[in-house]
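Pasting the structures in now, so scroll down.
Shared between the two complexes below is subunit A, which pairs with subunit B and subunit C, respectively.
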Partner chain A sequence: MLAEQQRAQPALSLPVSKRERRQRLTPWLFLFPGIGVLLAVGIYPVIYALWASVHKVDLVNLAAGTPFDGAQNYFSAFLNSLFTGAVARSLLFLAISLPLELALGMLIALYLHGTVLPRVRSVVRVVLVIPMAMTPVVVGLIGSLVFNNQFGLVNYLIGFGHMQSVDWLGNSQLAYLTTLALQVWQWTPFVTLILVASLATVPPEIEEALRLETKSWLKRLRYVQLPFLLPGITAALIFQTAYIVKLFDMVYTLTGGGPGVSTELVSIYIERNAFRAFDIGTAAAQSVILLVITIVLSNLYIRFFYVEAEA
Partner chain B sequence: MKCFHPRGARRIAAAAATAAMLFGVAAAQPTPGAAAGWSLADAAAPYKGTTINVVILDRPSYVAEKALIPQFEKTTGITVKTTTYPYESALKAETLNFVSNSNQYDGILADLIWTGTFANSKWVVPLSTFTSNPKLADPALDLKDFFPVWLDAFKWDNVQYGLPFDSYSGLLYYNKCLLKKAGFSSPPTTWAELRDKYGPKLTNKSAGTYAYALQSLRGETQTADSFSRFLWDFGGSWYDPKTYAPQLASPGAVKGMEFRASLAPIMPPGIVSDDHAQVVQLMAQGKVAMITEWSSFYTTLNDPATSKVRDCLAVAKEPAGPAAADPAFGGFAYMVSSQSPQAKQDATYLFIQWLASKAVAPQLINKGAVVARKGADTDPALMKKYPYLAPMVAQWAHSNYDWRPRIPQYPQMSEVVANYGSQIQQGSLGIKPGLDKINDEIKGILTSGGYIK
Partner chain C sequence: MKARTLAPILTVVVGALLVVVALGPVYWMMAASLKTDNQIFAIPPVWLFHPTFEHYRHVLADLGMASALAHSAFVGIATTALAIVLGVPAGYAIARFRFRGRRDVWFWFISNYMMIPVILVIPYFLIARNLHLINSPLMLILAYQTFAVPLVVWLTADQFGAIPKALDEAAKIDGAGELGIFFRIMVPLAVPGIAVAAILSLIFSWNELLYAMILTPSDETRTAPVTALSFLGGYSIPWGDLMAAGSLIVLPVIVFAVLVSRYLVRGLTLGAVK
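Up next is the complex of A and B:
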């Protein structure tokens, strides 16, 4: 009877109902600043880019208006050999750097997960964070000094071996490889840390049991560790794909996209188009194409790599 | 002056603005009565406590400007804040300030190639607005003391928008000790001489020393310093000044780019990735014997803290090509943002007027700036002290302010040249096919801009 009264009370009493509404509202009030910021810096620019991609927007001639341009900006983007070239360079960059980062990251993670002393492991983990903690601009600037043809540290060291200095940043192929090397150096630790965390989820008793069964590390990796690593690998792939597709700062300060267009990745090309040529319409269309590429790649990763491990 | 704007509809407005400007100029000329009655402190009194924000670059002239700003602040009570940008980011920063209707910057720094863009969009205020105001206009401004080519460079539709500051001419810097050692008592006067006579004797690849270095980094450096220099000197040009038909694949342009490619054996490798700073360093460290650089870099090369070749440094006019064209020309002016509140506009004008004044010019030169003031640049004592002044002044007598087009479409055109120009220089694109691509794309830009009917 008492319980029934208690249940009936809120329905009859208006003040309680108000309180309930307020209680329901409270989480939204807490969420509002975050959602507001997300809308302002995340959603609004995407909507603006979609709008600009179908309009003619010339930033230095806004007086001429911003007429609807249909799919013209998209046609221009696909017919522009400089843009398609930049997309191809970015995809090649992705295709080389991602497997390298994964392979190196996996090796280091397995090493750290294995026989290393706990103290050494702690020190290595801290050391791994250092490249990631550096801003990409600084990495590019340091790279431009280290690989400078005339005054760089690398050529200085090469000189000790009486070898001819190498034009790391002035030769097209070498500049591309140097940029790749810096990318792999900076972001392999990120992949390593994700994989170390994934390996920590492997139940120790299973690993122990398999260790008694076989001495082959490859079998341990294939049958026990890999299923637990796959979610981490998928996350690393998605994060790094998104990062490399929009990679800008490091390359910009290292080579500026040069020599020629040899290191001009797609984000650098789009920035030039938007803020040097001020053709915002075409640049927005190119950004949308880039967004689509990233989404497609991320879905492919999830489809082919992501499997929930069951302990 | 030549007017490159195609729209005749603006002529009446231009004539009116010109009349207003001339009136303003006349008002600014020193008259005995006005000269006696005007002082910077009095003119600035209503703006005491105002803070203005001025754009500067990370180049020597702006170091000099910053050093002198306290003088202005002390006299006027106006606070001058500066925001420093590398050259390649300045146009983007200022344009974004304008299109977002911001008044973040009051003093706008304009490369002469941005004049059309800024003036056409009405982002900057015509100077006559201030020079016609006797309370603001310093009677001693003396516009006639500026080199005419520099005033013309910052006019648009015959309206003056900026007062020149940080004004360059392309000069030949050479290491006279290296030249003497190679048996030369004077620098080359033609490009052919530089390549054929001086080049082989001054290049020693095994020792890592080279005769010449041409800054060619992709961007405005590629377009201006590398491409334009050899375009004009060998008979090419950007476009026909009457029809706007691009001339970038003309026989002269092809010859110019062929000559540029032929300089590779006497230049350090990787020159396509070198900007001004790297080339100046190559010279400063004694790795190259000659560079063609803007007059502003004399300060860096003459500074014992940054240069090993100070005692061997000499300056001459740029080598001439077969077309004997006008030398490399570039530089800046300060303008007043039309988006700033009136009081800040007035305070900014007072600052610009003071910075570009005859009285401040010698101080600026002594602190490492380059200015376009006849009185200071031809002062015998300063000319003796700064050897770059004589060749710079001599070249300004026959310089073309449209050495690079100043039309609003220039940033797009520059990107096209930078794209293909560096590929041509690398050899990944043939000279003629590359120039044809440049010509075609620039024709498209000029057509959509309404220049080519």
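Up next is the complex of A and C:
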């Protein structure tokens, strides 16, 4: 392109090419500040973490230096049953909460989509925004209030007015379930609103035609609405998976990972390993493994669900 | 005929149930924050009571919540201001210029948003320690750019892209320079997108715990969520104070969330969902 213009205007070749070069530079001048800062706060730390993951970094004993350690941190990460246990707890957390959120979200979305009263729909849509915008720390605080075993509202409600003494946060399995319940409470609205938006993309004439064809809402869902829902479902899965891998604030507030290690999800474990056990090198290796897991899961979703959508 | 009268009633009942499930727990926290400790522990639960603001007075005046909220507000506003300065020009370049690598740059900005905090917080801590920046809000504000900048870039790129091309061509003929076009014509037209991005960035940085807990841990510098969490550390849990702190943290979030309710899902997924 440059050469062409130079040929077309040989007399002006120098100033034009200068202007041309400046024009090609302009977008990068606008981009430069943002790219620069994100390189510094997003990319450089990841490189730093990769470096730490192959070095021995002991915060308590930094004077001993940080010698190269090969894959030792990765070996000890995998051999550590606390880490593999935390990964397993996070994956189980995903496996339970995602289907629950999707099923509940789908039901609520279908209700909102088919409602005969548009005003109810707009009220509910605004209300649903509140749980997912809530500060996760505060969600944890609310959980510890309503699930308290001595005066919690939940124990009062499940006893129909007679206080039950279920120790929701003191028992390993129950604490895990309570954490799941709060996750589902906070994020089902997110899935719901995504699905409501997806349902709105179904052309009304197609939906109307099918309503005459069959009375079964399940058939309508499977053959007409589902193809339109798949991109939304994929997005919900990717963002909820990423969220659960990152999940820290709410669980940390509610249980601190306990009792024992029963609610110690992977982010909570790595934070503890780095900042309470001060084993920075291994923690860095573990966080790198976590990053790989997230990328693999996202790619799986995209491949699986988008192929389904195209078929 | 019967079904026709039943449907609206059923709709209202289900809708009311959803509202109760979504807001009930939040209401219960706020109610507890206005009760005396005896009323909080009462069985059966107290539904009607004379509100007391004693817990609010106590957490604000004695437990450092006032300064913690101020820190949170400062960090949130500074984060957002910096993200706008960095992100708006980038969003503009991506939307209005055709250059090689444009899509890659866009994707790279967005992908920063998916980053896992626990992988970043370890290097942040080491860097902050080396630079003696632990307890300085600067590190926190920089850390928050990882989600704030992608948010601003995506929302403003969307907004700039919708402005007709003829506008800056006309301005160019009138002799306006690149910077003049950007500041005097484009930025004013993108204000709605910038405002939504600003509110979302305020909410997300206000809500954050992990970075704040590691990078600004001291009593004098910590943010509101870290301070509320510290109430859990004692021998007995001050439930009323805790709920007052929680309510104070969450009230502005609720106001802002309702304000941008149409954009929240799109913001959380950076436009993956229209």
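Keep in mind that, in the parts below, the second predicted complex is superposed on the first by the 286 of 311 C-alpha atoms of A that agree within 3 Å, B and C clash if a C-alpha of one lies under 4 Å from a C-alpha of the other, contacts with A are read in each partner's own complex, and residues count from 1 in each chain.
Everything below uses one rule, namely that contacts are C-beta pairs under 8 Å (C-beta built on N, C-alpha and C of every residue); 3 or more make two chains touch, one makes a residue touch a chain.
Everything numeric here is computed off the predicted structure, so don't read it as measured data.
Undergrad: After the overlay on subunit A, what do you see for subunit B versus subunit C, clash or fit?
TA: clash
Undergrad: Is A:Ala63 in contact with subunit B, with subunit C, with both, or with neither (first, second, both, neither)?
TA: A:Ala63 contacts subunit B only, not subunit C.
Undergrad: Looking at A:Phe151 after the superposition, I want to know if it touches subunit B, subunit C, both of them or none. Which is it: first, second, both, neither?
TA: both
Undergrad: Counting residues of subunit A in contact, which comes out ahead: subunit B or subunit C?
TA: C
Undergrad: Mind working out whether A:Trp185 is in touch with subunit B, subunit C, both or neither, as first, second, both or neither?
TA: Touch status of A:Trp185: second partner only.
Undergrad: Just to be sure I read the superposition right, which of the two partners does A:Gly257 touch: subunit B = first, subunit C = second, or both, or neither?
TA: So A:Gly257 only meets subunit B here.
Undergrad: Counting only touches as set out at the top, which of subunit B and subunit C does A:Ile270 meet: first, second, both, neither?
TA: Only subunit C is touched by A:Ile270; subunit B is not.
Undergrad: Does subunit B (first) or subunit C (second) touch A:Val288, or do both, or does neither?
TA: The answer is second: A:Val288 touches subunit C but not subunit B.
Undergrad: For A:Pro204, select first, second, both or neither according to whether it touches subunit B, subunit C, the two together, or no partner.
TA: After superposition on chain A, A:Pro204 lies in contact with neither partner.
Undergrad: Could you tell me if A:Pro118 is touching subunit B, subunit C, both of them or neither one (first, second, both, neither)?
TA: Touch status of A:Pro118: no partner.
Undergrad: Among 129-137, 147-155, 165-173 or 201-209, which stretch of subunit C shows C-alpha clashes with subunit B in the combined arrangement?
TA: None of the options clash except 129-137.
Undergrad: Considering only the contact definition stated at the top, list the common interface residues of subunit A for subunit B and subunit C.
TA: The overlap between the subunit B and subunit C interfaces on subunit A comprises residues 150-151, 275.
Undergrad: In the complex of these two chains, what residues of subunit C are touching subunit A?
TA: Subunit C reaches subunit A through residues 7-8, 11-12, 14-15, 18-19, 21-23, 25-26, 28-29, 32, 40-45, 82, 85-87, 89-90, 92-94, 97, 99, 102, 105, 109, 112, 114-127, 142-143, 145-146, 149, 153, 178, 182, 203, 206-210, 214, 225, 228-229, 232, 237, 239, 242-243, 245-246, 249-250, 253-254, 256-258, 261, 264-265, 268-269, 272-274.
Undergrad: Across the complex, what residues on subunit B touch subunit A?
TA: Residues 91-92, 95-96, 99, 117, 120-121, 208, 217-219, 268-274, 278, 281-282, 285, 287, 408, 411-412, 414-415, 419, 422-423, 425-426, 428-429.
Undergrad: For subunit A, which residues are in contact with subunit C within the complex?
TA: Residue list for subunit A touching subunit C: 24, 26-28, 30-31, 33-35, 37-38, 40-42, 44-46, 48-49, 52, 57, 108, 111, 115-117, 120-121, 123-138, 141-142, 144-146, 150-151, 153, 156, 161, 163, 185, 189-190, 193-194, 197-198, 201, 232, 235-236, 238-239, 242, 245-246, 248-249, 252-253, 267, 270-271, 274-275, 280, 283-284, 287-288, 290-291, 294, 298.
Undergrad: Touching residues of subunit A toward subunit B in the complex: what are they?
TA: It is residues 59-63, 82, 148-151, 165, 167, 169-172, 175, 255-262, 272-273, 275-279 of subunit A that touch subunit B.
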